[in-house]
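Next, two complexes with subunit A in common: one pairs it with subunit B, the other with subunit C.
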Partner chain A sequence: MLGLNAKDSRFMLIVVALTLLTPFILNPFPADSALAQFNAGYPALMQRFAIYGLMAIGFNILFGLTGYLSFGHAAFLGVGSYASVWMFKLLSMNVIPALIAATLVSGVFALAIGYVSLRRSGIYFSILTLAFAEMCYRLAYSVLTPITNGETGLQITLSDPRILDGAPTSSSLPTPGFFGLKMNAAHTIDIAGWSFTFSVGYYFCAVIALIGFYLSLRIFRSPFGMMLRAVKSNQQRMNYTGLNSRPYTLAAFVISGMYAGLAGGLLAAMDPLAGAERMQWTASGEVVLMTIVGGVGTLMGPVLGAGFIKYCENIFSKINESVLHSWFSFLPDGVEDVVTWIFARFVGEGWHLTLGVMFMLIVTFLPGGLVEGGKRLAARRKKKSDADAAKHPAE
Partner chain B sequence: MSIKNISRRGLLRTGAVTAGGLALPTIFTSSASAYTNEPTGSSVKLGFNVPQTGPYAEEGLDELRAFELAVEHLNGEGDGGMLSTFSSKELQGNGILGKKVEFVTGDTQTKSDVARTSAQSMIQKDGVVMVSGGSSSGVAVAVQGLCQEAGVIFMAALTHSNDTTGKDKKANGFRYFFNAYMSGAALAPVLSNAYGNERRAYHLTADYTWGWTQEESIKASTEALGWETVETVRTPVGAGDFSSYIAPVLNSGADVLILNHYGGDMVNSLTQAVQFGLRDKQVNGKNFEIIVPLYSELMAEGAGSNIQGVYGSMNWNWQLQDPGTQAFVQSFGKKYGRPPSGSAHTSYVQTLLYADAVTRAGTFNPCGVVEALEDFEFDGLGIGNTYYRGADHQCFKDVLVMKGADNPTNQYDTLEIVEVTPRSQVEYEPDHPMFAGGELGECNPGA
Partner chain C sequence: MDAIILQLFNGLEKGSAYALIALGLTLIFGTLGVVNFAHGALFMIGAFCAVTLSRIFQISFLTEDPTQTDFLGNPLQVETPYVEKWFGADAGAWMIDYSVPLSILLTIPVMLLVGYVMERGLIKHFYKRPHADQILVTFGLAIVLQEVVRYFYGANPIQTTSPSDYSGTVNIGAMFGMQIFYPVWRLVYFFFSAIVIGGVFAFLQFTTFGMVVRAGMADRETVGLLGIDIDKRFTLMFGIAASVAGLAGVMYAPILSPNYHMGMDFLVLSFVVVVVGGMGSLPGAVAAGFLLGILQSFASLNEVKAIIPGIDQIIIYVVAIVILLTRPRGLLGRRGVMEE
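Now for the complex of A and B:
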């Protein structure tokens, strides 16, 4: 199917099914139950899963295949966001020109940054990309305020030209749309206490993320992908055979930069605001974390990692002390305060601590990330069922 | 006609796909409720979105304390605080419209992006009907825009930029806090008395909407006195170290330093300015002075003895003697063991005003609430008679001019009230140039 072999086709179909059913999968608890706190199936978060998943997929093409660790991918995310918000301001509220502009502009940035940075490898490459990203952030934050609106963030206003849309018809701000289909439209279905929200924005992001996933799958299986893997395993030997590896690494860098730019464009399409914080080094580090937590060099890993981190960020950071008090109210008074105090360090504004602990555990015990965890579980089950089969031979 | 062979199956299939395609958008538009997050159960949820990390975290935490207190009082727990002194007697301590008030909190990290994400999750996941919070005008403006689009009410807490109710004003957004223009108008006469009319001012300004508008406002009102502005320098928010910005002040020929900083930034920049010996200097034959146009108790506490004699302005202070203030300070003190800050007061009052507006409107529908709040005149919530102007959703009331206490008796008694500037002196027209350019638009009930 679509140039994939049977195994990959099946894999792709599973991914498609998982993506389409996300609103169900992420809302396992009834809306009124105490566990509804852990539901993640609301549009804004699902959109982020898809968007950061897309970004991590692109990052994995560079980091997973060539082994070049870029610490500056947030810059492309930010550049993509700014480009698409400017398209919303100047051209049209349709997301298509915005996304095209986001991808192209970030591609140009990636070409320039990659051309310089890829002259070095290893830690020097990482530091160079980090420096460029930080430069972009500082520029967006202060020097380029006329273009980026600095700390306040670039927003659309009623007085923007939007030459393709014509004069505004209402006095409220327009929302981004896909040929009339509004990105913020959503439909909620209530089934026996459960409540599932289907949003246009999420499915739009999901379709683009799936296309991105398919492209990355093809790159992984292509001769080009093989060449990138060769760079990772022994670049020196490759060079000695007379092969110039730089065009390949540069291509991988630009492709992953364009993925990040597209993700940035999607972020702006879901919520037309671009802030400089998106380019900060912490955001660059986040995508590295996503890829490592999920599993470097695996296809599914980065997506899982992105989901994992965004889930922690949005769900754990919302648990405050009063929620904890209600959970532990069954404990005796003195004990309850102590337990609440301990847990409060790990939730709310302390969710970073939870993430850090999880990251350490995963890197120590599952160097291959969540994907390796899944594989080990599957292997153990298989071993067990094999052992069972050996104990009770078929008659 | 180019298509010749239309098979029965082909026609059916095409017809079905077309019908499906046409029907698809309609399932997204149907809606059961009249407005976003219409509360149907026995409770109603409010969202409190404040910075719990970053340079404004201290303010955010104090806001959160006040929100919790307000919810308690609305639900009839505690001593009721300002419910008894509020001039509108609609609130009975039985929740809002008989529904118990619950709340969710979020961390804005003082970043517009994060704040919007957090507010989105409150609206979409938790189903809040009102979002309050702030602590940075950049954040407040961003979240206000989001609430307008989503169709919920935004009761801005701590935001002092002119833009919040100026060029970025929104029909669903309301601000009780005063703004930069009012600070300038209130400070000018006091500064003129204290420091004369021939001064040379040097501005250090936080580089975002609030800093920009405050610099503009203070510059305009001090230049009207006859002061000269030597230089205005923008500094990044959360810079931590301001020494490289303060060193040039020494040789600039300025004799007044105006710090358009807030929160942790102001604590750092003021402390460093004092460490550089600015206040012991003589320039142009005058004592060098420092001014902090926007004060808060938490900043004063952080800056310690460095603020002695420094002028600034405030929206409200716990040392006021009116019954509303006394009731609030008492119940806040009983719960948290400290006097409330100005940001806490604003958060508390905004929550009460929202609850009262809902009760008077008889509905949580944002459009009803907007109508109830517009041109609403009230008293008893501290600092006297107050007016919520319908034209820009800004509150008008007296403004306090403060000075760092020369002999503080305890760690909370760090500021003293120099003057209560009457409301008439800080009022302006809705189309004043510093506020022009925005459109309030129409209220949006969402759904």
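Now for the complex of A and C:
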């Protein structure tokens, strides 16, 4: 199917099914139960899963396949956001021109930055990309204020030209849409206590992320992907065989930059506002974290990592001390206070602590990320069932 | 003219902070071969040592002063710090005033301990892992340290004062016949960092321990084969590098009010400094620190900004990119370090 072999087709179908059913899967608890705050099936968060998943997929094409660790991908995200907000301002509130512009502009940026940075490898490459990203970030805050609107962030206003849309008909700000469909439109279904929200924005992001996933699957299986893996395992040897690997790594860099730009464009499409803080180096670091947590060089890993981190960010930061007290109320009073105090340090404001600790544990004990963890579990179970089978041979 | 001299001094002060942090980073990289992203956090912990000590000194007890009364006619309650009770009023007041320099004495053992625990507890397990893993685990550690500090000290910057004798300004232009006023504490910081840098170099150059460490940096295996337990010495070097970062932070506290994310803010810059200087080169790190500090100050001159707008924000990165492209190993880097 679509140029994939049977195994990959099955994999792709599973991913499509999971993505389309996300509003159900992430809402396992009834809306009024105590566990409802673990539900993640609301549009704003699901959109973030899809958008950052897309970005991590792109980052993985560079880092997972070629091993070049870029610390500057947030710059492309920011550039993509600015480009698409400008399209909203100048052309139309339709998201299609905005996304095309976001992808192209960030592609041009990636071409320029990659052309220079890829002359060096290892940590020098990381520092070069970091330097370029910090330059973009600082310029966006200072000199480029006419384009980026500085600290306030770039916003759409009623007086923007919007050539294709014509004169504004209402006095409220227009919302981005895909032809007739408004991005913030949503439909909620209530079934016996559960409440599921289906939003246009999420499904739009999800379809784009699925296309991105399909492309990355094709790249992973292509001769081009093979070449990138060869760069990772032994670039010197490739050079000695007379092959110039630079065009391949540059192509990978530009592709992953365009993924990041597209993700930035989607962020702007969901909420037409672009700020420079999206380009800060800690934002680049976050993408690296997502990829590592999920599993570098695996297809599903980056998406899982992105979902995992965004889930923790949103859910952990919402839990507060009174919620914890209600959970641990079955414990004796003194113990309850101690346990609550300990857990309270890791949730709410302190969720970064959880992130840091989790991250250290994963890097230390599970270098392959969540995907490797899953594989290990599966292998252990298989071993166990094999051992059981050996113990009780079939009659 | 006086603006130029003023910026030169500004650059020296900024450069000394960069040089100290980069020196510690290079010590760790040169000895253990570890890229330590938690180094900024060590700098921050140093700064918070100053905050801690000045808070400890200010712990007070209440006494009633019968000679004075408050507006209700009750005896006035006076707060007296314990240090004033124990060491006498003058010595106690002096200790509170000089709490920042005094906290150097606290910082060194604390940072040695932090460095030792970090190396033995975590970094030891990462020698054989790729550099990317080292970067990531120390980045995670930096987040953890940052959050722990935020829990104890809050998210707002904490103002820390320099000793009152050094809190004013001095006319540094007097010898040139000009009027250039400059904060005294920044000059103190510059001299302090010069002493620390000189101390580290002297330690490596003139002691037997330093000689062994230098030999280990050049060829770890051979030194090990000669029957020297190089790992133990490298662990101590990690502690020393942590102390250098801590000292840089302690004395910087009056210049920049310590906040929990100051480490992250300095981290990127100090990595740029290390790479510009050349990975693994100690003199390179110091030279690049001062060079970038001075360039940054000059770029913030209004005359320069008029020619190239925004240059003050990006000069360091521009310099880093130019140097990395023309001199791939940095200013004073050796061949074969981090080339793969």
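By definition in this document, the second predicted complex is superposed on the first by the 381 of 395 C-alpha atoms of A that agree within 3 Å, B and C clash if a C-alpha of one lies under 4 Å from a C-alpha of the other, contacts with A are read in each partner's own complex, and residues count from 1 in each chain.
The definition used in the following text is that a residue touches a chain if its C-beta (ideal position, glycine included) is under 8 Å from a C-beta of that chain, and two chains touch if they have at least 3 such contacts.
Given the structure is predicted, the values throughout are model-derived calculations rather than measurements.
When both complexes are superposed on subunit A, subunit B and subunit C sit side by side without a clash.
In the superposition on chain A, A:I96 contacts neither subunit B nor subunit C. By the touch criterion defined above, A:L69 lies against subunit C but remains apart from subunit B after alignment on the C-alpha atoms of chain A.
Judged by the touch definition given at the top, the superposed model places A:L130 against subunit C, while subunit B stays out of reach.
In the superposed pair of complexes, A:I25 makes contact with neither subunit B nor subunit C.
When both complexes are overlaid on chain A, the residue A:A389 reaches neither subunit B nor subunit C.
Angle at the C-alpha centre of subunit A formed with the centres of subunit B and subunit C, after superposition on chain A: 70°, rounded to the nearest 10. By the document's definition of touching, both partners, subunit B and subunit C, reach A:S142.
In the superposition on chain A, A:V288 contacts subunit C only, with no contact to subunit B.
In the superposed model, A:G275 lies in contact with subunit B only, and not with subunit C.
Once both complexes are placed on a shared chain A, the shortest Cα to Cα gap between subunit B and subunit C comes to 5 Å.
In the superposition on chain A, the residues of subunit A contacted by subunit B and by subunit C overlap at 141-142. Residue ranges on subunit C touching subunit A, taken from their complex, read 35, 122, 125, 129, 131-133, 135-137, 139-144, 146-148, 151, 264, 268, 271-272, 275, 279, 309-310, 313-314, 317-318, 320-321, 324-325, 328, 338-340.
Subunit B makes touch with subunit A in their complex at residues 25, 27-30, 52-53, 57, 68, 104-107, 111-114, 116-118, 120-121, 124-125, 137-138, 141-142, 145-146, 148-150, 207-209, 234, 236-237, 437, 439, 441-442, 444. Touching subunit B in their complex are the following residues of subunit A: 39, 42-45, 48, 141-142, 145, 150-153, 155, 158-159, 170-173, 175, 180-182, 184-187, 197-198, 200, 271, 273, 275, 277-278, 314, 317-318, 320, 322, 348-349. Against subunit C, the residues of subunit A that register as touching in their complex are 67, 69, 116, 119-124, 126-128, 130-132, 134-135, 138-139, 141-144, 236, 281-282, 285, 288-289, 292, 345, 350, 352-353, 355-357, 359-360, 363-364, 367.
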